[in-house]
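By written order: A, B, C, D and E. Residues from 1 in each chain.
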Amino acid sequence: MSVNGGGPAAEPLLEIRDLSVVFDGFRALDGVDLTVAKGELRFLIGPNGAGKTTLVDVITGLTRPATGSVRFAGAELVGRREHEIVRMGVGRTFQTSVVFEELTVVENLDLAASFRRPLWSLLRRRKGVSDAVARALEVTGLTDLADSAAGTLSHGQRQWLEIGMLIAQEPRLLLLDEPVAGMSKEERARTGELLTRIAEEHTVIVIEHDMDFLRRHASVVTVLHEGKVLMEGSVDQVRNDPKVREVYLGRAAQPVPGEVG
Amino acid sequence: MTVTLKTVPERPVQRRRPAALARVTEAARSGPGLFVVVALLLLAVAPVALEPFRLNLLAKYLCYAIVALGIGLAWGRGGMLTLGQGVFFGIGGYSMGMYLKLNDAGGELPDFMVWSGVETLPALWAPFRSPAFALAAAVVLPVAIATVLGLLVFRRRVRGAYFAILTQALAAALVILLVGQQGLTGGTNGLTNFFELFGQDLAADGTQRGLYFVVAITLGVLFLFAWQLARSRFGRLLVAVRDAEDRVRFLGYDPAVVKTITFAVAAGMAGIAGALFVPVVGIISPALLGVVPSLEFVVMVAVGGRYALGGAVLGAVLMNYAKTAFSEEFAGGWLYLQGALFILVMTLAPGGVAGLLASARDAVARWRRARPGWAAREAKEAA
Amino acid sequence: MQAFLNQLPVGLSIAAVLLLIALGLTFTFGQMGVINMAHGEFIMAGAYTAYLLQAVVGTAAVPVALPVAFIVAGAMGWLLERLAIRRFYGRPLDTLLLTWGVSLVLQQLARDLFGAPNVQVVAPTWLSGGLPLFGTQIPYARLFILALAVGCVLAIWAYLARSSQGRRMQAVMQNRQLAAIGGINTGRVDQLTFFIGSGLAGIAGVALTLIGPVGPTLGTYYIVDAFLVVVCGGLGRLGGAVLAAFGLGLLNSYAEFWTNASLAKVIVFAVIIAFLQIRPQGLFVLRSRALT
Amino acid sequence: ACGSGTSQTEGGAAGGGAGAGDTIKVGILHSLSGTMAISEVTVKDAEMLAIEEINAAGGVLGKKLEPIVEDGASDWPTFAEKADKLITQDKVATVFGGWTSASRKAMLPVFERRKALLWYPVQYEGLESSPYIFYTGATTNQQIVPALDYLKEEGKKRIFLVGSDYVFPRTANKIIKAYAAANGMEILGEEYTPLGHTEYSTLVNKIVDAKPDAVFNTLNGDSNVAFFKQLKSAGVTAEDTPVMSVSIAEEEVKGIGVDNIAGHLVAWNYYQTTDLPENEAFVKAFKARYGEDRVTSDPMEAGYNAVYLWAEAVKKAGTTEVEAVKKAAAGISLKRPEGTVTIDGENQHLYKTARIGVIEKDGLIREVWNSGEPIKPDPYLKTYSWAGGLS
Amino acid sequence: MLSVRGLESGYGRARVLFGVSLDVEPGQLVCVMGRNGVGKTTLLNTIMGVIPATAGTVTFEGRDVTKLKPHERVRLGMGYVPQGHETFPQLSVLGNLLVTLEASPHRDESAIDEALEIFPRLKPLLKRRAGFLSGGQQQQLAIARALVTRPKLLILDEPTEGIQPSIILEIEEAIERLHASGLAVLLVEQYVDLALRMADRFLILDAGHVVHSGSADELRGEEVHRLLAV
């Protein structure tokens, strides 16, 4: 399963072609083409409202596109139901984290890890903690909170739990929508490390606004603007692109908040 | 920031319950000891202590308890408020009733068909000559109908109040249908006047006592089944579906399947209950399965405590006992009492009686822990 | 064709009744997510208001009762909200059970206050007779109900879409806590919403005295149908409720014409289930970005 | 306001205590709650009146009657349960109770099994004769058949049938259709609506289209209110299209609204206006006991009679023992408010006089026709040639 | 202006805040910092009355508001932008602004224009349903909504979360402008540098306790990182 990502020339895992999404006449996505190779760690940035979340919504079956196709490992995803897409190996987190508040942290993780089991085996009681869950607990640092109800977590802790659930799912493609929003600097760093570790074994797409985070962890960045792909390139190329600076980074592109001088 | 009111159906419904309620859910996980005590009471004490009339009433309550158990799963765990359990209860009951009628009629036409002007046995009735078929139908039909209905509505993401009202309409429709097809179903009268069951005289005290044991044991077995289900991963999944159905899809499960299975289990339980009810009570009629009785089933669960499976059973017995007792004491006032009791439970103790018991137990535990020396003892025990 | 035309006014008049009884629910159910099973008993209260007023104003009871019943039923709703429902926001299914208990008590109360038998409200003379149309006659009583329903719909629409109170109500429904920290007195909004929704039930009750029985169980005859209208219309959507009421009314009248009343009811239920397959959230859907 | 809706054991005049030997317990089993309470409470009141009168006159066999009241709650299984309770727990000598046929059918096996007695006071659809039930209301040949005879005499040959969707109306209509076929009458339509139905515009439209000479109405309960209101506002009048009803008595007329129903016909065996000295006394006693605004009706009178008939049989038998009472009951004949009634020992129904009435503006019913003499009960319509294929 | 003394609160039996005290003087910008889950949001929620205080007092402009309902505090001039960019999803952007404006004591429509001046990107979106906005757009709307009530004290919980860099700058600028015009601000912020640049005073929370507080100058350099990494 662990296909170690080769260069950009490696075989594509996700191929998006001519994707458009229309909401009441408003084109949230407009002819997007995007290819992500197996093993790649791809960053997706763009102004608020550019369509980043919408793109993830389409990949994961939450939103139907007006036109276009999304192929994952050769199979078409458009038209499939959400859980089928997950079962094919595509996992995601949400911009506003949603966890099961009445279940404990472990139970949340365990459910995420169990979907491949046959249904009848779910009828047995969970005994102990499976490897996948243990790993997710460890990497997210939620071990201490393992038996607290997820409803009692703070904003940031929920975000960790969401990432943990995604890891426990062991997907082939991970889609992370603003994973570090609302986290403190140290936690961002930890998430970044975690991300690097995950990216060694998986294909990951991350949406993020934090340029500092981006600079540390990104290699290839795709910039979305008004539903279209504005450009694709390295962090430096992107940061120095005048158009990106205009629509996204703003006048003072250099002293990005959060950077320590 | 939590949003406490989520009425927009497409948003994930994440209710944040008072902490006490969450604890009740926990309480449901304990209690094999209690189970044994209750089982002993029901199987050893009640048959000796109660005269046949009362024992028969208890058997009836236990039949309702089986329905309540199913609702406890579907509603308490799965968040599916089904206001149409009467439908499944009725199907089970009619299956059994049809067999009993045919058996009594000895292959001839049942009495009500004669006076309804039916001349040949309708094809629908023919297979119910076989007791095996009737018993199977009492379970399989409700399960099948619930499965089809569940897949239809849950796949289309009909839920919450929509589902509740839809099932209520289903109960209303079934009653109208049953009442309207008098020659086939006995109309409003329903099926009654049964004489024997498997060669035994139904009226005999011995038969009724035997039936009581069958009902009590069935309830016990189904309770253990439901308990296991609730404790299993499936049970956790069910709670997850209840609280954030849309999120569950992104864990790779189809919530429609999870809900349908649970709904079908609840329907099967109601069907079994209906089949047992008929020989115990001696009648099945549309009045037993319409909108009001279906609601009353839910009320039993709510009063007993929806978050604990035992609460459903407790509620069924308590409510029906109260109904019998009060209506014997002051007939007309029962409606006031039932209404008032219900309002009080819903406003002051949403966890029902089971919730109150759990809070009481918590309070006792807290009190004991607060006593000096407790911590030391606990530490010693842990070591 | 003649049969078709004959049934048209019948369908419209059934629709008008459905709409009138469902309107209050668009408020309490639609706006607040409260499934008020006692709505039927508020309708009953409206009807008994007309009955009581009859002793004072005679045959003018029906028109005079409209505003009075609005206030009487509204006050009952307000009281219910204050005493119980306000503990239940966010638990719509619980309100269903709670209000069912309330409905039982109210029914028994009516039985003890007014007696179990039905009472009679005499319609004003100008409402007797009817308008000849397509070879049958549309009773004036039905036209009156239709006009009443249309009037209420317009008033509610103006209230919800045009008034600041209406906007506030929507805000509270959509995000209670956010509304509170936005400066809205959510408690007051709840009270008012419940008052209006219940008051509309009172108006429906007065109208129903023209065509049906006035007794303690009056509410139970209409409540299931009323909820079905709201469900088919889409939660809290006024336009949806109107369309659904007319759809169900016409369906009912034609189904009953070609079959019979019992079968027609079953057909209507079947169609509703089928309909929800196509539009699970009703005619007018409140869309939102799921999960975000 | 119904005087004593919630009382349980309203003791007799002497208030017989628990001391066993000096009272005879009798069961009263009607719906005191639920949809049927509206009708059944009135019957219970009449039965209680009869018990009080009998107690005041010294009781039966020197003992006071002690009524045990139970609530059937408009729910048939509850009737069966409560009947069993009255018989096995309270050990009552007999039970007076029931209204709907469904409740009777539910109780029947209990009484037969326990060999106990039920007195059932309401007109019904016939085709039944349980050895443990006495039927003091009319069977079909004492109500429906005379009503049809009357319509035929009046030249109403084209009939439209309207009924609630349950066993009594359906069976009644079966009989009516058989009668019509044999008597040159034409049935223009047969429509059923669910119990509690309140939307009659389509049905009224069908009636208007069919233009019948008369409507035969077997609707039950609140539906009647909606039906008559909507019939009237569609412009159908009693002069053009009279409606013959068999389930509307004085009590219901008030709720329908006299305006809406005046001029229409009903068929019963008794009206408050029935001009007999026994009735004058009954109405007077009833109003004195329960209030001037109360009315009496056929089922009430039948319930009232049931208590007297049973008491008479006990006196004759000298015991409350069931088999002896049954034997003694056969042939008992009493002058009652509706006229002379006699127990037919063969089927335990009564000989009753059929009466057709028209509803007056004051809400009372004026008799326009009667059968002249009590009609022998024939629950299976065996003596009617046209009814051959019915059962 | 805002004075919090010995504040305690929590959820059910779980206590989250343990005797928190803080002051916001008129015109001051006070920043609260701390790791995830230390109770920052709980603190703000308690100050606004969304969660009842189990002990301690909240005083606003000399008035004890501890027992007041949230909407009453808003009317006194406390504006709150909660964490997680919440909106009234079915109302339009304009509706979102109007509904809070109409609930405010001044009811002055020009407040909407003022807010839109600060977030011009909302202008073309006025007719759009708020629930359909992107996360960042919703956040801007949320701040604008608090501004239309013309608060005397603005309370912001992680306002830059999920915002594109250029707009973070705009928000930062906006806050500074508002601050400069005399508005008092209580801010929860994870971007340390942003916080330090703007704040007059700061406060570090850990496990429901204030572990450090002082003026911005005292907290330069490495010390902040040491404290925040406790």
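Just so it is clear, a residue touches a chain if its C-beta (ideal position, glycine included) is under 8 Å from a C-beta of that chain, and two chains touch if they have at least 3 such contacts.
None of these values were measured; they are calculated from a predicted model.
Looking at contact counts per chain pair, the maximum sits at B-C. Taking the mean of C-alpha positions as each chain's centre, the chain lying farthest from the centre of chain B is E. When chain centres are defined as mean Cα coordinates, D lies farthest from chain A. Chain centres here are Cα means. That of chain A falls 43 Å from that of chain B.
The geometric centre of chain A is 47 Å away from that of chain C, both derived from CA atoms. For the pair chain D and chain E, the distance between mean C-alpha positions equals 75 Å. Averaged C-alpha coordinates give centres for chain A and chain E that are 28 Å from one another. Those residues of chain E in touch with two or more other chains are numbered 11, 14, 41, 50, 82-84, 86, 89-90, 132, 135.
Residue numbers of chain B whose C-beta contacts span two or more other chains: 1, 3, 8, 11-12, 15, 176, 179-180, 246-247, 332, 335. The multi-chain contact residues of chain A, meaning those touching 2 or more other chains, are 53, 94-96, 98.
Only residues 5-6, 8, 32-33, 37, 69-71, 73-78, 80-81, 84-85, 88-89, 100-102, 105-106, 108-110, 113, 127-128, 165-167, 170-171, 174, 192, 194-195, 390-391 of chain D touch chain B when the two sit together in their complex.
Against chain B, the residues of chain A that register as touching in their complex are 60, 81-83, 86-87, 91-92, 94, 98-103, 107-108, 110-112, 114-117, 119, 122-126, 149, 151, 165, 169. Chain B makes touch with chain C in their complex at residues 1-12, 15, 75, 79, 81, 149, 152-153, 156-158, 160-162, 164-166, 168-170, 172-173, 176-177, 179-180, 246-247, 291, 295, 298-299, 302, 332, 335-336, 338-343, 346-347, 350.
Touching chain E in their complex are the following residues of chain C: 164, 167-168, 170-171, 174-175, 177-187, 286-289, 292. Residue ranges on chain D touching chain C, taken from their complex, read 1-2, 5, 33, 35, 37-38, 41, 165, 191-194, 196-199, 201-203, 205-206, 208-209, 222-226, 229-230, 232-235, 251-252, 254-259.
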